[in-house]
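In what follows, chain A forms one complex with chain B and a second complex with chain C.
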Partner chain A sequence: MPAPPAGLKGQHMIPTRPKSDLSFKLIELLPVIWILALALLVQPRPLFAQIAASSAAAGSTGSLTLWTDPRTSQVFTRPGPGRVPLNLGVIAAPVQHSLENQIQKQQVATTKLTQQVTQQQVQTDAVVHQVNTMRPAWQNYVDSFQNKVSIGGQFWFAYQYFTHTGWGPQYLTQENWPGPGNNGFNSFFMHRGYINLFFYPTKDWTLRLTPNIYTMIGNTSAQAYGRSSAMPNANVGNLGYRIKYGYVQWNTPFLNLGMDSIKNDKIIVGVQPQPITAWEEDLYGYRFVNLTTWNMSLSSTFPGISVQGPITFGPEHLQYADYNVGVFDNASFHAIEATDTKDVMARLSIYPFGAKWRFDGLGFTSFYDFGYGNTTPDAADLPTALKGPNAEIERFAEIVHYTAETWGIAFEYDWGRNAWSPGNMFSASGPAAVFGLTPNLPAPLALNYAAYSNLANALLNNGRSYQQGFNFFGHYHIPNSRVTLFGWLEQWNPNTSVNTNPFDFYRVILGAAYQWNEYLRFAIDTQNTLFFHNQYNFPVSYAKSFGFTPPTGFTSGSIPNVVTRDTHVFMLNVEYVF
Partner chain B sequence: MGNHNLSHVQSASSRLSKRLGLGRATLGVILGASLAGCGTLVPWTPLGQPTAPPQGGVIAPSAFIGMKMKDVIAKLGQPTSVQPLQETTGNLMIYAHEGEPHYVFETGSRGDVVSATGGD
Partner chain C sequence: MKNPHLAILLPVGLLFIGVACATGAAAQGPSLKSDPPSQAAKADPPPDVTNCAIVTVSTPMLYACKGKVYTAYQLQQLREAAQAAHKQ
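On to the complex of A and B.
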């Protein structure tokens, strides 16, 4: 590089080229610059968007002012005599600015993006929080649902040894034994297998469904299966399930009436316990051992509607009355309704001194039932001499009871009209002819049994029979023990219109129960059906006054040996309830 | 996205485990209920006497309202008698031990005490 002239010492110069080269280049470039300028002028105008985009891309342009001496074409960085400004567009600075701007914008965009990401994170956190808060709500629903549902069960089982087998009514449901001539018969029986399902959607409503196990007994005919084959009957003896209870209970129908005395009363709609049986079973306390009296004739469960509950008075809310009134089908829960009428049942228990708890102290309970035989109207309207199963049915009970904490005693008088049929009389076991079957016996004996069966139908199913019963039952808890003694003594007259009714019987039940814990009870007991009249022959002439029809071929003037044999059984019972 | 999927999988897995947990809990409840009696087959000691005498004097009957039967037994010991009620599917639980406060409780179908008297 040549040394600068002496006059220019200390002055800043363009360092990259000699001044002669630079001036030459500028002079050379001037026509090109002008041509480019003209070309730019004649170019089509770009769209504003293009300008904006271009401007935005290029950033703001700057300029570099130098000074030149036209005479020498020298270029100076400072003005001086004879020098004229020489403006040169500076590219580097705007590009730098543009880059800086772009970087700044990028930073701004990055910052905005960061903010967006942060916001997104916040929103995501909020969603996660929502989800987290939703899951406890779901859990809460499940917990709440668990509180709204309860499952219980009731199981009764017994081993029964029959020292003497006779015909007669059941001691418990789901049991049957062979009749006379089968002493020593013994069996395990499952008397109950409830599953109690309750649903409480609100405090006002309760839904109950109770499937109930039962022993299936039905038609024994086999089933044809193809042209030359058949299948044996598979019904008899099987344990089947059926719905025993299915009802909706309105718990608070009277709550807002301002009547404190009946605020706990309720209305039940559905297949439900009728007013007397379940209540009396609770009064007695040993239903897992034996049936109550009217339950041998009246099913415990009917479809219908009822209103029931306690009536309380005073500051202690002592119970002075307890009632249950309902309208039901004439058919029970295991039959099909056939009538155009309904069955009305009502129970009223009075506690004259006020009861602090259920059954506490002295009580008087009355029960009345008025219904009809379950016969279709067209069949019931047929003219007959005796109404038989189409007749009106009445049942009445008056019970005086006293219950203390460790003992209870009750006396019950029963009265009924057309309320005890041969089906009730022989619910456990009966002569084959009563059920329309021919016994496997020598012909003369079979004929006598047929006459006996017809007599049962005449005396117990003639549409004008009257029943009467006396019951004495109770329990006593032995102090400082887990043992309670209990008993039920009964006299039952299936038709008081008969002078000496061969079907009159005593029922004697005595036993001891052992409470293992709050769920489990055992009992050992003896149960007996005693037909208390002496054996005799029933005059046919007298039997005909009750509608007796001698079977074909029966010519005797009396029906022999009409007092059937007693039944004696020992039982070991177990009850498990939760 | 991957995290979302992962969280979804985790969430589903969590729900599944909760369902399995619920199923186990349900099974446990059923088994527990079935074996409830077996679980308390420990004989009363001594016969007819409370296994856990009331602490702090006589408890007001109203204090037992809403309690489960097992909670009452935990406070008062084994009752003198427990009788299942056919009408309500509840229980009539009586405490009549000599020298102890007497109580009569009735539980409802849920198994909790709905009425209580006694204490004297």
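On to the complex of A and C.
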């Protein structure tokens, strides 16, 4: 006997009857059971019980009517006395079929979705794999970013106190002071503020960009602002930024030529250091205290192209030579080129015993420069009494140097032709008339100063002047201390063609530096420009042989007191480089 | 020779160079010969920047110490590592 179908709550499908009627009732119930079973199956079958015709005809869920005796809870398939209808909801066969179809469709759709999900998972796995593969490469790039970019800086700052102010050349760039009569003048000033940017994504090329500060000084006027207003000139004294270096460097032009001696040499194109100044500054080591000799008249940086590097020999690759040869504009990095010629400069350093590093041991260095004054060709052809600005220019330096790791010493001889102008002579401070201005002085004194300025132009700017200089420089580290003594002793003759040139001077610099750490140094020093001739009056007749023109109203036979006052200054210097 | 000072400066300068060369040759840095095994076995202290020569004042700052060239950053690292080891 099959088990009664579940789900008929409260309905006793198996009545409690006397035993004698049991078999009859079971037989009577058997169709009911089968009908219910069939009704719940998928296959539609005709039922003995009445099915609601309207709902069955509509093809949706219908109902099954049975009869039950409330007194006995018996269920019958036919109506009878005392029996009441019992309606049961059944699913009509067409509805079942429809549902089956829907279920099938849903199963198909589910299968498709499952396949899509599976496929999506495969794709996701693939993407994850790709990302995992990419991440190491990305991380490698980021991690090695430091090997592709260098960012550094140079900061030079100083305090200067003048016990005696005078006219003369700068000790440092961005440095100026008032002339004679201003003893006690003092100031803080920044004279270098590099941001060094080096980019080398590939090992064979390097890009360098270095902005640097400069002091804005110039005659600029106030600006009108509307009909009745104006605003003052605010440029003078500002520290602006300009490009100091901007060049590309080919690191490996000679790497594959089979010449081991020059494999590390380079070619540089752009605004770059010229061959002598930066090299000598590194040799001296105290450029944050004072300029080197030719840097007083030759800018450190020019646009051009150069080839440079060490020449090494032997199994230890000792450096036996170091050179730098280049072609540059006649105009420096902070001027506009005007000429139809170019400036050629070359330096060669020889280390006869071989050098383990750049300046190691004994070295002999020669430098030569040939160029022209920065004047346009049409202006250069104009006849003038003083041809200095249009003349050929030559510079030569011969330096004998010995450098150890804790001390160094050098002796330098310099020779030049038309390589020193009044602008160089008075780069820090000079008579107003040299710069085309009228001094605020009594007329007779102003006239004498004008004559003095014209004398400076005649002796230093005539296009046939010869320069000569000698200097010692060196340093010595005091053992077991952080202190190094240094000095620069120089004699400079701006024009050796002049007998007793009033502009001849010594430059004497002595100081001590304290090395705080690998990046930071301090120095205290005394710097002095000493015009070493005795005071005298310069004969006008002799001055005219150099192209001297007396200023209007000057009738004296001599220019009085032509040896200008000395300058003495104490400085505190700071250098931070990384 | 026009300038009397030159008569003094030039020979004095040459004398300086000669003395420097003689002194420098005697006080030369690390020789090309290898150290005896007993000395080589000892750990050398890190180079002190105050005992080094300036090679380049640029980015990076370069120093020559005991015949080798270091950046300022390398010297700093060596110094700090030695200080840390000394504290331990």
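Heads up, the rule we're going with is that the second predicted complex is superposed on the first by the 438 of 578 C-alpha atoms of A that agree within 3 Å, B and C clash if a C-alpha of one lies under 4 Å from a C-alpha of the other, contacts with A are read in each partner's own complex, and residues count from 1 in each chain.
Basically, a contact is a pair of C-beta atoms (placed from the backbone, for glycine too) under 8 Å apart; a residue touches a chain by one contact, two chains touch by 3 or more.
Fair warning: this is a prediction, and the values are worked out from it, not measured in the lab.
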* To do: Superpose on chain A as described above, then tell me if chain B and chain C fit or clash.
  => clash
* Look at A:L362 in the shared chain and tell me whether it touches chain B only, chain C only, both, or neither; answer first, second, both or neither. => second
* So, does A:Y200 touch the first partner chain B, the second partner chain C, both, or neither? -> first
* To do: Classify the contacts of A:S481 with the two partner chains as first (chain B alone), second (chain C alone), both, or neither.
  => both
* **Touched partner set for A:Q154, first chain B, second chain C, both or neither** => both
* Asked: Is A:Y402 in contact with chain B, with chain C, with both, or with neither (first, second, both, neither)?
  -> second
* To do: Please indicate which partner A:K266 is in contact with in the superposed arrangement: first for chain B, second for chain C, both, or neither.
  => neither
* To do: Kindly classify A:F472 by the partners it touches after superposition: chain B alone (first), chain C alone (second), both, or neither?
  => second
* Structure fact -> Among 22-30, 40-48 or 112-120, chain B clashes with chain C only at 112-120
* Indicate the residue numbers of chain A shared between its chain B interface and its chain C interface, in ascending order. => 150-154, 196, 198, 281-282, 285, 287, 356-358, 360, 405-406, 477, 481-482, 484, 515, 517-519, 575, 577-578
* Using the touch rule from the top, collect the residues of chain C that touch chain A in their complex. => 2-3, 5-6, 9-10, 13-14, 16-17, 20-21, 24, 27-29, 32, 49-61, 63-69, 72-73, 75-76, 79
* For the chain A and chain B complex, residues of the former touching the latter -> 128, 131, 139, 142, 150-154, 196, 198, 200, 206, 208, 273, 278-279, 281-282, 285, 287, 356-358, 360, 405-406, 477, 479-482, 484, 515-520, 575-578
* Structure fact -> Counting only contacts in the complex, chain B reaches chain A at residues 7, 11, 18, 22, 30, 33, 36-37, 40-41, 43-44, 46-49, 69-70, 73, 78-87, 89, 91-94, 96, 98, 102, 104, 106, 109-111, 115, 117-118
* chain A to chain C touching residues, read off their complex -> 150-154, 194, 196, 198, 281-282, 285, 287-288, 316, 356-362, 400, 402-406, 408-409, 411, 470, 472, 477, 481-482, 484, 491, 493, 496, 499, 515, 517-519, 532, 575, 577-578
